[in-house]
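The two complexes that follow have subunit A in common; it is paired with subunit B in the first and with subunit C in the second.
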Partner chain A sequence: MVTAHSTSRIGLLTGHSLAALMRERTVALLGLLFLILVIVSAYLGWSATSTVNAIYLRSAEYMSAQGQTLPPNPVLDTSPLALLRNMATYVSLIGALAAIVIGHQLMSAERKAGTMPLLGSRPMRPADLGIAKSLALIVAIAALVIFAALINTATFLALPEFRLDAIGWLKLAAFYGASGLYLLVFGFLGLWFGASAKSETVGLLIPVTIWLTLTFVLPQITSNINPVAALNPVSALAEPPASAFFQITGWALGSLSLAEAYRIISAQLLDFLPANYIDRAAIPAAVSLFVAALGFAGLAARAIGRMDMTKGDYDA
Partner chain B sequence: MRELIQPVLTIAGKDIRDALKDRFILLMTAFLLVASLVALTVAAIALKADVATYIEAKAGLIALGKDAASIPDPAFYPLKLLRGFVEHVEIIGAIIGILIGYRAAASERGRQTLALIVTRPIAQWQFLAGKVLAGTAIISAGLIIAFIVAGIAVTVISGVALSVDDIGRLAIVMSAAGLYAVAFFLLGFVCALWARKLPNALLLAFTVWLSFVLIAPQIGDTLDPDNQVAGGVFKQLQIAKPQQIEILQSFSTYETIRNGIEVASPTKHFERLSFAVLGIKDTYAGQPLMPILAEKSSDLVWLLAIALALSLLLFVRRLDPNRLSKE
Partner chain C sequence: MSTFVVQTSHLTKRYGDHIAVKDLSLNVEKGEVFGFLGHNGAGKTTTIHMLTTLLKPTSGTALVCGKSITTDSLEARRHIGYVPENVRLYDTMSARSNLRFFAKLSGVEDADRRIDETLEFLDCRDLAPRLVGSFSKGLRQRIGLAQAILHRPDVLFLDEPTSGLDPMGIKTLRDLIVRLNREFRTTIFMNTHLISEISRTCTSIGVLNQGELVFRDTIEKVTARYGSESSLEELYLSVTPVQTQGAA
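Moving on, here comes the complex of A and B:
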């Protein structure tokens, strides 16, 4: 049962963890890079869409001169939300890496500072530390996502030609909810290894290797998406060749391919999912992300609960 | 001369022995091999599916009365199967380079032996040259294994023996991959040698990796108008190649900026060279090697220049005594 005392302790630990996190320059650097890319993403979407429109107009002149029939302008089929299609890529690249670093840093800072034995000597349940660190992680990731959402909202307000209706705004909000959930998966992964790894470097490198596998290796097995194609929001949604192999791997491993699950959800919410795209995974993409976030949160809580509170540093 | 070289070789030998004990470097190299084999197997399965589609379409056309002799057979280039492998080398190979470079400095700082080394009768360049030599040897050994495995896998999967020309092309790409990974080794080494806090060095190197290996090529690729519409904008508009070129002339400034972003990345130079030499890019498939090398020599020069610039940075700056410990 959570008492008023333990709530106050958790609040104190959460606040302290966030204050320590904000002092970390590398976390600030990654956070800043993410926010710069949020702005770049909106510019890229606008620039690329405008260029395709200009190419269409130029092509239309040429085709009219040749007496050819004009096909419809592909830009007119594009939703204004698709302007932000690159956001899905940046969230899964820099956002996920920043989330790993935040999760890792929340535990490693405590271990390096030698404060674990001190925390162990306080009247505190092992679960309190886990809850406080998880709350700090959720607040830090929510801050990143809210900043990104504010920048993108300002972008839409500044570009009247890309006007959103009520459903559009709701979809945009849902996209940021999904992005937050995806980042939490990696944040909890970083927290788990930040608490359980024997060395600081290994605690950082194992989550990065898992992220590499999820982002570049699994999509290749399930959908024949090459690593570089996985970086392009449009190419990454190409249909796999008609083969029993991809039907089976897509069904069996698709639920584990979290980067793909997030990409599908993003494409649905930002209106750039091809009409004929079929998600072959056994479990719906949103459920995969929920289960992964809950699973990693559980593993992180278990690792924090099992930490030896008599040990100061990694080597101690 | 022997007196000058011996300390370099001693440090290199010690560093290689230490690196081989580092399970994470071995694990990442194994990860590259597994990812490469996955890429090759998946490419072969995708090719088999394409061949089945072709046979089905051909049968359909013959059934409609088309002369079988007039339907061209598709050309098959086994080295094209290496696309995913090359892309994994671009991404994971760079990380392995960073990790080996980071370990080369971190191992000394962690054991507090760096301060001891600078008190010995050994020049700074000898110490650094020993570390660079060891890093280059470890990277080369890993890449040689990866490329041999990839070459054998291509032969087994495709059922076509690689020719001497194919092996030569693989050797060229392997050398370029070595140069590329050494550039990232130097980045990891410089960061870990100079950073105030060691884990920050790794994060800084990863941020540079993320920016130049993933983000810069991604921006260039995304800005390509043909990648904005599923299947390609010109394909959707049904415009032939000569007219595409003519239309795109009106967008030369845009294309220059887009290309400029791409070439800021060493990864793109390695990719352009590799895809051309291996014939992965359609325009180079089946073309003789020498003209391709002549055309792509600038990419090789870029890789060399990046590695040399980082080496210069490493050797010119003096070791800071305040950066010789773990923290």
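Moving on, here comes the complex of A and C:
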């Protein structure tokens, strides 16, 4: 049962964890880098689209003078949302890494401080610490996502040639919801190993290895996307070869290929999914992400609940 | 109503084949300063870890202020203050911020007033604004003691409180423990392996040897029976034979 005292202790621990997180330079630097990349993404999208538009206008002028029929402007065939397509890559690369570091730091900072015995002898339920750390993680990731969303909203408002209709704004909001969910998957992964690993280094290396596998190895097995192509938001969504191997791996392992699931959702929401693209995974992409976030949250809570509270530090 | 603040019955902790604490049955009365004596590795810290609910016993029961450490651990913790052997606090925060955090976590209303009172009592009010990371072991131990008594616990568990302190630090801490017991009627349960610590601070002692309680009596009776501090040392060595033989 969650009592009022318990709620206030969870709030206190959450606030304390967030304050400690903000004092960590690595977290601040990664968060800042992510936000800079959000701005770069918006700029690159705007720049590429403006260049195409400028070339079209010049060509149109020339063709009109020659009395030729004008083809349609390719920019008008593209959704304004697609100018953010690089965001999908940045979120799955730097965003996911930042989320791992945030999740890991939330536990490792506490363990390094050596205060677990003092916390454990306080009148808190065993679950309170896990709930507080999870809430701190959700707040930190939500802050990152909201900042990114604000930057992109400002970009759209500042560029009148890229007007979004109501559906467009809803899709943009949904994209940030999906991005937050994707980042939470990695945040909870970091939290889990931050609580359960025997050393700080191992606690960070294992989630990073899992991230590398999900981002670069699994997409290659399920969809023949090589690591370089995985960095490109458009080529990462090219149809895999129609061989039996990819049919089977795509169906069986596609649901585990979370980076791919996130790219598919992003491409759908930002209107850059190739028209003929078929998701072969047995479970829909959104369900995969949701189940993964929930699963890792459960594992993190279990690991925190089972921590040895007598130990003041990793090797104490 | 029982006046026992700590009651254990057949309390046992095993780690695989190794028995850290064996069949410990022990009562500590309200207002006592109980010294738990034993060699390194005798099971003293494991006992404190179980009594402070940080560690689950393998078998047996224990009550702290009438609350079971296993089935009612949340309630038991409300009555407990704990100072580990090596006090670790948040180094990047000031002493006051550390104390405020722990006070609120312990449910203390008007935390700042209580912090001032506690620091005044411990004669270290000037430490409040300073970063804990800059403290010596002695000062850290003092703030460690402050965090443990902020909520005015009924029983204070101290694990080797004077370990690593210089003679002046030891004397200061010993005086504080005695004052704490006299002024707040706080029961003290103190682990130590120093005979001098026991004779100057405690009202009763227990000796643990290889996880088993081999001696328990009041200091008054022990002193009457054995006399001086050196005799107390002889008593200690006589009830912990295995270690003595090993050392010989």
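Convention: the second predicted complex is superposed on the first by the 293 of 316 C-alpha atoms of A that agree within 3 Å, B and C clash if a C-alpha of one lies under 4 Å from a C-alpha of the other, contacts with A are read in each partner's own complex, and residues count from 1 in each chain.
Definition applied: a contact is a pair of C-beta atoms (placed from the backbone, for glycine too) under 8 Å apart; a residue touches a chain by one contact, two chains touch by 3 or more.
Note that this is a predicted model, so its numbers are computed, not measured.
Novice: With the two structures laid over each other on chain A, which partner does A:G298 touch: subunit B (first), subunit C (second), both, or neither?
Specialist: neither
Novice: First (subunit B), second (subunit C), both or neither: which does A:T310 touch?
Specialist: second
Novice: Taking the superposition on A as described, I'd like to know which of subunit B and subunit C A:P71 touches: first, second, both or neither.
Specialist: So A:P71 only meets subunit B here.
Novice: Tell me which touches more residues of subunit A here: subunit C or subunit B.
Specialist: After superposing on chain A, more of subunit A is contacted by B.
Novice: Touching A:L212 in the superposition: subunit B (first), subunit C (second), both, neither?
Specialist: First partner only.
Novice: Regarding the shared-chain residue A:V202, is it in contact with subunit B (first), subunit C (second), both, or neither?
Specialist: first
Novice: Pick one for A:S108: touches subunit B only (first), subunit C only (second), both, or neither.
Specialist: Only subunit B; A:S108 stays clear of subunit C.
Novice: Please report the subunit A residues shared by its interface with subunit B and its interface with subunit C.
Specialist: After superposing on chain A, no subunit A residue contacts both subunit B and subunit C.
Novice: How about subunit B: which of its residues touch subunit A in the complex?
Specialist: Against subunit A, the touching part of subunit B is residues 24, 27-28, 31, 35, 38-39, 42, 45-46, 48-50, 52-53, 83-84, 87-88, 90-92, 95, 99, 102, 106, 198-200, 202-204, 206-207, 210-211, 214-215, 217-219, 221-223, 225, 227-230, 233-234, 236-239, 243, 246-248, 250-251, 254, 271.
Novice: Tell me, which parts of subunit C touch subunit A in their complex?
Specialist: That would be residues 49, 52-55, 74-75, 77-78, 80-82, 84, 86, 88-92, 101-102, 104-107, 147 of subunit C.
Novice: Residues of subunit A touching subunit B in their complex?
Specialist: Interface residues on subunit A, with respect to subunit B: 25-26, 29-30, 33, 37, 40, 44, 47-49, 51-52, 54-56, 58-59, 62-63, 71, 74, 86, 89-90, 93-94, 97, 101, 108, 200-202, 204-205, 208-209, 212-213, 216-217, 220-221, 224, 226-228, 231-235, 237-238, 240-243, 245-246, 274.
Novice: Mind listing the subunit A positions that touch subunit C in their complex?
Specialist: Going by the criterion above, the answer is residues 5, 8-9, 12-13, 16, 20, 23, 113-115, 117-125, 309-310, 312-313, 316.
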